[in-house]
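Next up: the structures, one after another.
After this come two complexes, each holding chain A, first together with chain B and then together with chain C.
On to the complex of A and B.
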């Protein structure tokens, strides 16, 4: 193996760690200095616009997830429940509330107070989550009303009905963007610099291409990366460094590494036997265990819906038109809402159908999240559709995003083992 | 060669010994908290029943929740696969198996070769499992052995509607305080349990022929409730074979594996 090959292998993990540490450093400094911080969500992060005003970006879904990866989410969740939150409420919300109640103290650093919260209606819980910060800090909250997918027929691209709906939706979102710009100017005292904004869009265009190219490397057999494992870093960088040269550089390196792994035939899971898609998230309080339950059978996740709806909302084939930045930004938000955020959550069978074919998938794991009805509703229907229409076996397991109390190892292991025993027979029967 | 199938369940450990496809011994003992010891004790009891010795056993297949805790196993497989295998050999036309065990309720759909095509399990909550019924009996001063007798003597089953085992227990207490008989409460708990187990079969889109297995096959009311709810007929394997189905399937799969190994060696 050449020196350059040795250097590139593992670079996405090393660089990912470095960038996440750098982000925490910026967050902690902002907490100390009072530098304006904007809270955003992974569905509609708006980083390109907010970076134009020099906001530090905080994505609380990511900080909550990290409390679980560090094995500390339960303490934060219980703090939120002591405060009055019900056990049924989203684990991400409660882990974050716990962090806020501890004045931003987090295993990785300190979370700054919000100078601005930008929320949206793609997830109902986002609205209530933002309400908490508004009450707790008295900070301004800007709520985006994003028009989602209204059914396949009304939004069939290429039709007159689609064109009219899409144009109306873009105008609606553009109006809201202009309102948000005024709010940002008021908070930061800075004027909107459209040329700076254009530069962030240029970087985001490049990053989007690279993000999709990285995902595409997993079409190769064996798959060079495991979607929940490496994917969680990709998602983090795609949200927190979206529209920045650092983010673009990261995905250049990640792509280089994955191509090198493909060239060398390096598998994410040694002796790959089963290629899977994960619908939903992993359980981050048992992250390694979650992945190991599958990899111990030679199962690799070649893709996940989470990489789509929480991966920055990069719409395949879409690039910002730098000649009309704001209008194009609105269009991207509408398209991402149709395709990535509401589409990938509620009309999964179309996306899954394509991924099963193109990524040569043997089976699908549906992970129902007990504290999230938004992502869990409809999973059994999609599983049934894929089984009946496409003869693709599906496994349904339930636990949580970050709440370790909802993980039942023996139950989950039994289901996973039985799934693989059946999948082996199925693969033999269909001749794969 | 003598092979052993050991099903280390959450409540009971079942062992079946097979020699050339014939069952030559079996045992059923409470599992307790030590899975490895339960497997050892179960195997010893089965060997004793058959008049055989430990060194006669050439291969051990472990299944059930405690399968990975059996230190002397040659093979570990899930109880779903093992059960499907055994039931297919008993009833080749069986397509849906409903197993109601101590902690787990399983609905399994199998194909014409006895392979698992789909399955549904109860979730983390134990309200739909045999453990809930045992707990109810204990609360009323009875044991699991009294379930069938009590249920058959019921006049008017009490309604137990909760989907949570803890809340269901409160309902049971309320019924007793209100003067309902233990017979009616026992029958009510079975009706509730059958409702939840039946739901798994509905979700699975079960197909005939239906087979009922697990410890609760000993309770005729359970079968009647399921048949009424699902409007299908269930076959219950005779001679308690339904209770031993997973252990039997494990033993049969062990023999199958030995047969294939021998075939490869001679080829």
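On to the complex of A and C.
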């Protein structure tokens, strides 16, 4: 199907919205009919497997984020705090707890109860989050344990130590995968169909290629999309429609649109002056404002670490070997955990280094999320490392993902403004 | 009195951020190397079997002013992660050849990246204990992970870890764990003989000195304790929960023990994680891995569906003959704070009185804690009278 140039502009937004609505429709229906729903996280989504068993997939990070987009997160967070959760606990957890305490009532629809939870330790808070559902619903929780980034020396590819570690991890992950399959069979009463699984893997391979190609369009000056804005839709679709033809089709259209924008010289931020990377997430309770603080200076985010670790873990070279689906699935999970999820989070300077070079980045915004130690603990250190070792200026600001009480507008604006002034001077000094 | 002197010395050791016992060991073993391990659990036998000294890095309490670490770590992170890094940045851990950070939580694991960037000369490793503890593959995996750390240690020591050496180390640590179990038995059965602070010092010091010395010390203390001229008092018996990682200040424990007997706790649980002897027959690597998973305690930072934590806490309370619990969590500690919710609800459900509190290792003022605990204890004494 080919689309005319006129139709293609704006298609990723329109299609993104449609697919999001469709997902909510499926969730709401599942809440009504009791169709089995699996809760799963964006880091290690496992959709290829869960779809093979016809689970409806709930991604609670996305539903939590959306409570903030709708300006309603605070009320949900408050419910969780009244239940006993501390103000210092992850805002995503609390927004979801609030939704669950309201029997799934969400601004976009209804969240079904879990027939199965597949949690993992890519973020350790996932383990605790799952324990809430376990207590609250008494639902089965499968813990998919994914050993991740180990340190500078241990995961140096090509060494004997790497091979041994990788093989040991893959055996463990494959073993768990087989155990999870049994759990899924028990819950759904369906037998595992490896051919269906293979089809989902095939779609995911295609999606991964397209996802990278879309990200790559932003190497162009001016950048055709703004990573926190369009990027968050890409991430959403990459998780919710991973392994499906609808998802693949979405990224084909998104790629077409971005290429068209590049061809026409259309910029995500008019009069692009500064090319930035966002490390961490945006603040979704003040989403427009967050982006505007940068775009008003002509600053565009050409990439974000969020697009890496919450975008499916499609690491470079990602691709399932369809001839050995289960083994290959386990291997890709391990690789994604090493590089896409934990490595990109805890040892991100290597990724930043490459993106700064290839996406022609002027500066980095490190957004510390007060209630998320996973994305935020070491950010001041990475910022310093990039400044000292690579002469790349960085801004460190703090607020939250979804808790509006932690947004302090005047303070953040002051810092952003001061950063851009310094960045302009820096650009002039390095002759760009 | 000999006992008082021992406890004074231990307190001085625990509160000295220069790690005097490690430095003494290095003077006696000039070629010796030291492995630091962050909370909660590390198989110290692996380091010991290679001739290295394992040392528990569990923050600095209030003994060090955190300056440099605050510039590297976000402010909304617990204190132990920052103060442990500060110990290293200020040169106090200059003896470390290897630092191992187990994957206990997001702050600690992320902190490991900061260590890697900050100390290019030091080997720094994350150790992944299984979170899918009930998987049939968990033991095999953990054997592989322990051997991986073993290989790193062998590289440092320049000598292989033989099975016999590992068995001998296991035997030494088994003895240490047995002696600590004795300490806890006394705490449960006759808490008037051993205060919470004293028992804490006995456990904490295990991670700060060679175990050979620690075993001698424990044996002596266990000999002396029954002769102590202490009398049972009318105090409420509580379990203190929430000390699995960041440690409450000693003075906070002192304030609590003024009002109640702490008859069991999870303080420094990693040093008492394994609850029975690790078998000496067969493959020692497998025995260590198997013991971590199958002969062990519980904590908010390990997921094991066979050990639902709230039920485990109820069991601890029951087995200690406690009437109540203090359910604490370190400030900004995500897993601790989350577990607190479930603990508290389970205790409510079981009708067990409990006090919920937050602490920070750097706290210096305890009036508030004192008042809360006293009021709590008094209301219970009245209730149980």
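We adopt the following convention: the second predicted complex is superposed on the first by the 429 of 432 C-alpha atoms of A that agree within 3 Å, B and C clash if a C-alpha of one lies under 4 Å from a C-alpha of the other, contacts with A are read in each partner's own complex, and residues count from 1 in each chain.
By our rule, contacts are C-beta pairs under 8 Å (C-beta built on N, C-alpha and C of every residue); 3 or more make two chains touch, one makes a residue touch a chain.
Computed from a predicted structure; not experimentally measured.
Look at A:411: by the touch rule set out above, it reaches chain B but stays clear of chain C. By the touch criterion defined above, A:422 lies against chain B but remains apart from chain C after alignment on the C-alpha atoms of chain A. In the superposition on chain A, A:85 contacts chain C only, with no contact to chain B. The partner that reaches more residues of chain A, of the two candidates chain B and chain C, is C. Touch criterion met: A:398 reaches chain B and chain C at once. When both complexes are overlaid on chain A, the residue A:387 reaches chain B alone and has no touch with chain C.
Residue contacts after overlaying the shared chain place A:131 against chain C, while chain B stays out of touching range. In the superposition on chain A, the residues of chain A touched by chain B in one structure and by chain C in the other are 380, 384, 398. Considering their complex, residues 71-77, 81, 103-107, 109-114, 116-118, 123-126, 128, 130-132, 135-138, 140-141, 144-145, 148, 151-152, 300-301, 303, 305, 310, 329, 331-332, 334-335, 337-342, 344-345, 358 of chain C touch chain A. Across the complex, chain B is touched by residues 380, 384, 387, 393, 398, 406, 408, 410-411, 414-415, 417-418, 421-422, 425-426, 429 of chain A.
Residue ranges on chain A touching chain C, taken from their complex, read 83-86, 88-90, 93, 119-121, 123-125, 127-128, 131-132, 135, 141-145, 147-154, 161, 164-165, 168-169, 171-172, 175-176, 179, 342, 345-347, 349, 368, 370-374, 376-382, 384-385, 398. Every residue of chain B that touches chain A in the complex is listed here, in rising order: 65, 77-81, 104, 115-119, 121, 123-124, 203, 205.
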